[in-house]
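Just so it is clear, A, B, C and D label the chains in written order, and each chain counts residues from 1 on its own.
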Amino acid sequence: MSQRRTEQTSLDFEDSPADAAFRAEVRALLAPHARASTLGLDAGGLHDLAAAVQDARAWQRTLHGLGWAAPSWPRAAGGRDLTPGQSVIWGQECARAGRSRSMLTAGLDMLGPTLIAHASDTQKLRFLEPTARGDVMWCQLFSEPGAGSDLAALSTRAVLEGDTWLVNGQKLWSSFANYADWGFLLARTEPNQPKHAGISFLLVDMRSPGVEVRPLVEMTGGNHFNEVFFTDVRVPDAQRVGARAAGWTIARTTLANERLSIGQMAPLEPVRRLFAHLAARGVSRDSALAAEAAQLYAWAKALDLLGARVLTKLARGENPSAEAALMKNAAGEVLGRAARIGLEASGEDALGGGGEWQHRYLYAPSLHIGGGTDDVMKNVAAEQVLGLPREPDPWKATPFEQLPRGAAKP
Amino acid sequence: MNFAFDEEQEALRATLRAFVTEHWPVAEARRLAGGCEPLVWRRLTQELGVAGLAIPEELGGQGGSFLELGIAFAELGRELAGGPLFATALAARALLHGATRAEQAELLPALTSGARTATLAFAGGVAPAARLTASGSGSELAVSGEVRFALSGADADLLLFPARLGSGELALCAVERAAAGLDAQPANALDLTRRFAHLSLREVRARRLGAAGSAEAALTRVAREAAIAASAEQIGGAERCLEVAVSHARERFQFGRPIGSFQALKHRLADALMLLDLARSAAHWAWWVAASGRSEELAEAAHVAKLLGAEAYARCAADEIHVHGGMGFTWEHDAHLYYRRARSLEALFGDSAAHRRELAGELGLVT
Amino acid sequence: MSQRRTEQTSLDFEDSPADAAFRAEVRALLAPHARASTLGLDAGGLHDLAAAVQDARAWQRTLHGLGWAAPSWPRAAGGRDLTPGQSVIWGQECARAGRSRSMLTAGLDMLGPTLIAHASDTQKLRFLEPTARGDVMWCQLFSEPGAGSDLAALSTRAVLEGDTWLVNGQKLWSSFANYADWGFLLARTEPNQPKHAGISFLLVDMRSPGVEVRPLVEMTGGNHFNEVFFTDVRVPDAQRVGARAAGWTIARTTLANERLSIGQMAPLEPVRRLFAHLAARGVSRDSALAAEAAQLYAWAKALDLLGARVLTKLARGENPSAEAALMKNAAGEVLGRAARIGLEASGEDALGGGGEWQHRYLYAPSLHIGGGTDDVMKNVAAEQVLGLPREPDPWKATPFEQLPRGAAKP
Amino acid sequence: MNFAFDEEQEALRATLRAFVTEHWPVAEARRLAGGCEPLVWRRLTQELGVAGLAIPEELGGQGGSFLELGIAFAELGRELAGGPLFATALAARALLHGATRAEQAELLPALTSGARTATLAFAGGVAPAARLTASGSGSELAVSGEVRFALSGADADLLLFPARLGSGELALCAVERAAAGLDAQPANALDLTRRFAHLSLREVRARRLGAAGSAEAALTRVAREAAIAASAEQIGGAERCLEVAVSHARERFQFGRPIGSFQALKHRLADALMLLDLARSAAHWAWWVAASGRSEELAEAAHVAKLLGAEAYARCAADEIHVHGGMGFTWEHDAHLYYRRARSLEALFGDSAAHRRELAGELGLVT
């Protein structure tokens, strides 16, 4: 107990010297390309999607030229083997330079790591490089009308005929599917197995005959998502990732990466904007709104810090996806309350159309649903962190085709 | 004490439920975007007399009370239906409280018959703050100013305003839609099934209604009735949202079970029902207070009913979306129309912050 | 549509002429006995229980002399056949006269109706009159350490030997058991039957050998409740109410009456007191506390009105117990929030001991537990009012003795 | 960035966990009612050096930072242990920030060694409002006034006060327990495992500490550190409540299943965990801010950490009671001791309303 340091401590909320050097390096790299604002989407925004896709592809090509197309990937896959901490610094600096790339995230941050972990060498060779270059833009094809929270209940069928899968079914909530070149698809290949054990992971060329994409307009009026219909779509078996019927395990890699990225939504900036709005509206710091907003700021600040804890876990090789699940809920709560408070401060103007706080208010319900509902996130955290028991599932061993189904539409 | 409507009132409810479900369901409300279909309007006003439910028979009304008005707007609120009816019915009440008998006899029958529409053009406040100034004397005034978010303000044939005279006195003014100097611009609105307009008046010829000195009290009463009428739309809409959510939760299966058998959803919906039960009790009481002319309780009834209506509606509308998962937040699904209406109603006739503040004042907080 | 009334409506929040006459009658009856305050308990209060019991018995004897001992009971049972509406007026007027009788409610309001519905004529003759006279004070013996929300899992055993039951086990949460003369007990008589089907309803003399009552002190420092231990307690079979193994059905009558009375806790008065407290503390009506308190008042007012709706249902012969379940939750919520706000307005004084708002704050957690937890109430309402399905129960048909049990203490 | 404690810090945590669990568990804290057992006190202060963790070695401390202090009070907070240690450690920090080097050398070693206890006698506010007036000049003052709810105020050997001089200047004053004119009455307290006293001072001889003009800044800093230290007890206590609740939810069966498998409880506990995660992050950050002497962030850190600590602790303590059902609200069960501590800490060193108000001010709301 005698040898203690007053100054140097290992718990540290600032960049370590090495991280600071890395940050300086990437900031210098990005400096010539920095711009005031991004053409990408803000949450639920109504920008010109086609232009944003063009922009994202062009920037990705530039990054590729610089050798920074997918820096978090291992070197062997064409990346730079960044540590999780460095990946976050990279993301922060890209955002700072007005160069975020949410349109390509399905390929770069979700499918990429999945292929690296589970694909054959031939598949890696075929897909990783074009994805990194921005030539191939991907969409996720997981959810279905009958398979939301219960994703493993998906019923899109793939039947093997010779060495080709014949795919029929419907997918939902596919972001940017109307712009994607390829999609990664979960399909039921063994309906006589229990639901988790009969799914395969296929890569589909979105220009294949029989693929039809219909845009889904959200309640904000924006369009992020699509329905995708498959009618006798032919997918070569060479485009199956991993073993037959191993799709669920593979998809968990993909989903963990999705949850991590969603969990890191940092709502501090919107809450700062909220305070600027309250100040502009002359809201008193003694008021009910100010009290709510202050508590919200505390949440947002803590969420920012929690992000750092998740990173520390990642850096130690631990899996923080259960923490990320609760961060997602907390971020949704913060953004939803901020929207409500912002709109309340608008008084009579809340009757009108448009404006940041109304847009956020309309976007808020989706924060509790998209990427896994709050309810599912709570189950994940309660089971994985607290060790609370799962609910009894009488259908665990039942073959998929014998499962009970309701009459309701999605 | 008796907390049930009588047979005639229940019959009115059933009639309207059937009529609205058939002729003005939410799909139609979406298509009409706050407007109305002339044929349906005519049947609703002429056959069913909905514009004059709470207006005496001798003035062309049905001779019912505010209870009937509440029942009717709860039913219309279930389908976001009615277009300019809400504004017209409130304007009729304003005439009833604020105009002389002669003026009523002249102006009301056209409203109750549905021949003309009207509005009471104050949107924002708990009390009828005058945003217009009036000059002149006697019954003919010239009014000027801006009114934002006037309910059905670009559709109404007759517009009623509170205006402030040079003397500081408040006047209830009537302006014809075609009056020179009146400009009504449709407002971009959160609520996609209700119309608002921004009005600009420059020396518009207006008729001063009612006996001198009576406007303040009449308008205060009407402002409270407006909040209470809003509670009818609130509980009707909230009730419908909860019904749709419950029905989906019973039919939709995930994990081999109806999703409504999971406690997360089940308890969420039970909590929503609790809020709805509270809001319904308060609304029914508030209608009764308005119907019985119990002026000493009217302010409290307005605050309580609108506050609880806002809380229940916001909750039920959000829950309808949540229970439906991804489909719930699509444009195509009706849930967002209710979510918008819930928030829009909260801002109308005094938002919740304002009603809470007034209520706290009534309950003894003075500073 | 032409013949409508402007004045007379059937929805009416005031006494009807008949009710007003009834109110005048009972007010006149009670007037000579009115007193400023009651010796009975306020919620969670720390009064002298022994004195309160004495007082309640004495007053009950007086009422009996007046012919008003149990006016809600049917005439045949010695009551006055009051309508539910009249019963409430009676309760209101008793409270107004400082004459509430919470200590005797188990016998008068819970067991009484149960006996009237299910007991034999001999039993009615033996117990109703002494109960009405205040000579027999009852306690409820239902909950157990292992049977809280899942009351039907109770394991207190009763074994028939000849015409006498031998009772062994432990009961919990028995109000005033340390003062009661008799108790009504649920005991397991058929352990080889599914849990709901093996319970009988017994009446137990609390002075029987083998009955031991231990007071349970609550976190407020008050003592409402007791543990009751049964060791080879002998109960004549003549004290069984209803058929053998029919106890669960009979208990439902008792519990519905309990829930109704709990559901009618009207928190309007405490919220009015809260506003007086806030005013005294100089809380501004623009403040966060005032906003919360105003919303709370709205809830409390509406709860008062909901009470009227529940009465209307009762008067029509409908069963409002599901509504009452949600009213119980709402009342708990109101009282809990009022306590929190009241204590917040106390500022630094919240550090001290005692005071109304601290007492309420300490009492608040029990409001969400006692008389059925909030969670159970939500299940009841969701299933009975909304028609949402029950959770699957794989143990429905399993004999009680084969049910899985945890290791935990209560 | 690194969000983990180092090995030495983890070792400190483990040592304290083992020590407190064995020698000062909550049952003992209940029995001692805010006091301490001399033998355990001696080991805690002398062997483990807990009173001087964040005091330099040359002043008899352990030479650690506020991080070690945070770790220690989180561990003590888990069992509601420590008696006068919390007050003493804060008083030591007050001397560190507000006394001259010579005064520190004179006064601190007796505190860090556990030979004497001390308190910093301001309980209520976000900032150190002086409730005492001081007269005299130089280092010898006479102070008078009343201080309510002074932490361990009847037990401390040395009492530190902010006092206001006639000039308006703030002074940090030290008073010996035995000083004439000092009356300390044990206060009836919500928290049954912590002692408070109401102090009354009449012309009590006090020593003025620190350089002239330094007290305001030093006391402001100490007030913020006090709030941050409270966050340590908050997250320690909240964590313990959640652990106990979870363990009960896993073991207690109802309806043939562990009650923790029902979503109602499962989701309740997941929400509590979320609040605890937020509070923990904020507390760790705040300790680091205090440890690194980042004065520009200290106020924000104090507000955020204490606000979230209060929210999480209130929630976890209430949940522990709820999950335990009826047993949870008995006197016999420990849950209420935590429920009381949670509320008491919320009122200490500025309640949540005050911290929210200050934070809103820092974030730009001026009126």
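Rule of thumb we're sticking to: a residue touches a chain if its C-beta (ideal position, glycine included) is under 8 Å from a C-beta of that chain, and two chains touch if they have at least 3 such contacts.
Nothing here was measured: the structure is a model prediction, and the numbers come from that model.
Enquirer: Quick one: point me to the chain whose Cα centre is farthest from that of subunit C.
Expert: Between subunit C and the rest, the longest centre separation is with A.
Enquirer: Comparing A-D against C-D, which pair counts more contacting C-beta pairs?
Expert: Output for the comparison: A-D.
Enquirer: Taking each chain's centre as its mean C-alpha position, how far apart are subunit A and subunit B in Å?
Expert: Centre separation, subunit A to subunit B: 42 Å.
Enquirer: Which subunit A residues touch at least two other chains?
Expert: 284, 286, 288, 290-291, 375, 378, 391-392, 394
Enquirer: If I count partner chains per residue in subunit B, which residues reach a count of at least 2?
Expert: Subunit B, residues with two or more chain partners: 257-258, 262-265, 267, 352-353, 356.
Enquirer: For a test of understanding, state which residues of subunit D touch subunit C in their complex under the given definition.
Expert: Per the stated touch rule, the residues are 123-124, 148-149, 187-191, 196, 248, 251-259, 262, 264-265, 318, 321-322, 324-333, 335-336, 339-340, 343-344, 346-348, 351-353, 356.
Enquirer: Along subunit A, where are the residues that touch subunit C in the complex?
Expert: The touching residues are 284, 286-288, 290-292, 392, 394.
Enquirer: Sort out for me which residues of subunit A touch subunit D in the complex.
Expert: Touching subunit D from subunit A are residues 1-7, 9-16, 19, 85, 272, 275-276, 278-279, 282-286, 290-291, 293-295, 297-299, 301-303, 305-306, 308-309, 311-312, 316, 323, 326-327, 329-330, 375, 377-379, 381-382, 385-392.
Enquirer: Where on subunit B does subunit C make contact in their complex?
Expert: Per the stated touch rule, the residues are 1-6, 8-9, 12, 48-49, 56-57, 62-65, 67-68, 242, 246, 249-250, 257-258, 260-263, 265-267, 269-271, 273-274, 277-279, 281-282, 284-285, 287-288, 291, 300, 303-304, 307-308, 311, 352-353, 355-357, 359-361, 363-367.
Enquirer: Under the touch definition given earlier, write down the residues of subunit A that touch subunit B in their complex.
Expert: So the residues of subunit A touching subunit B come out as 143, 145-150, 153, 172-173, 216-219, 221, 225, 288-289, 343-344, 347-348, 350-354, 358, 361-362, 365-366, 368-370, 373, 375, 378, 391, 393-395, 398, 403-410.
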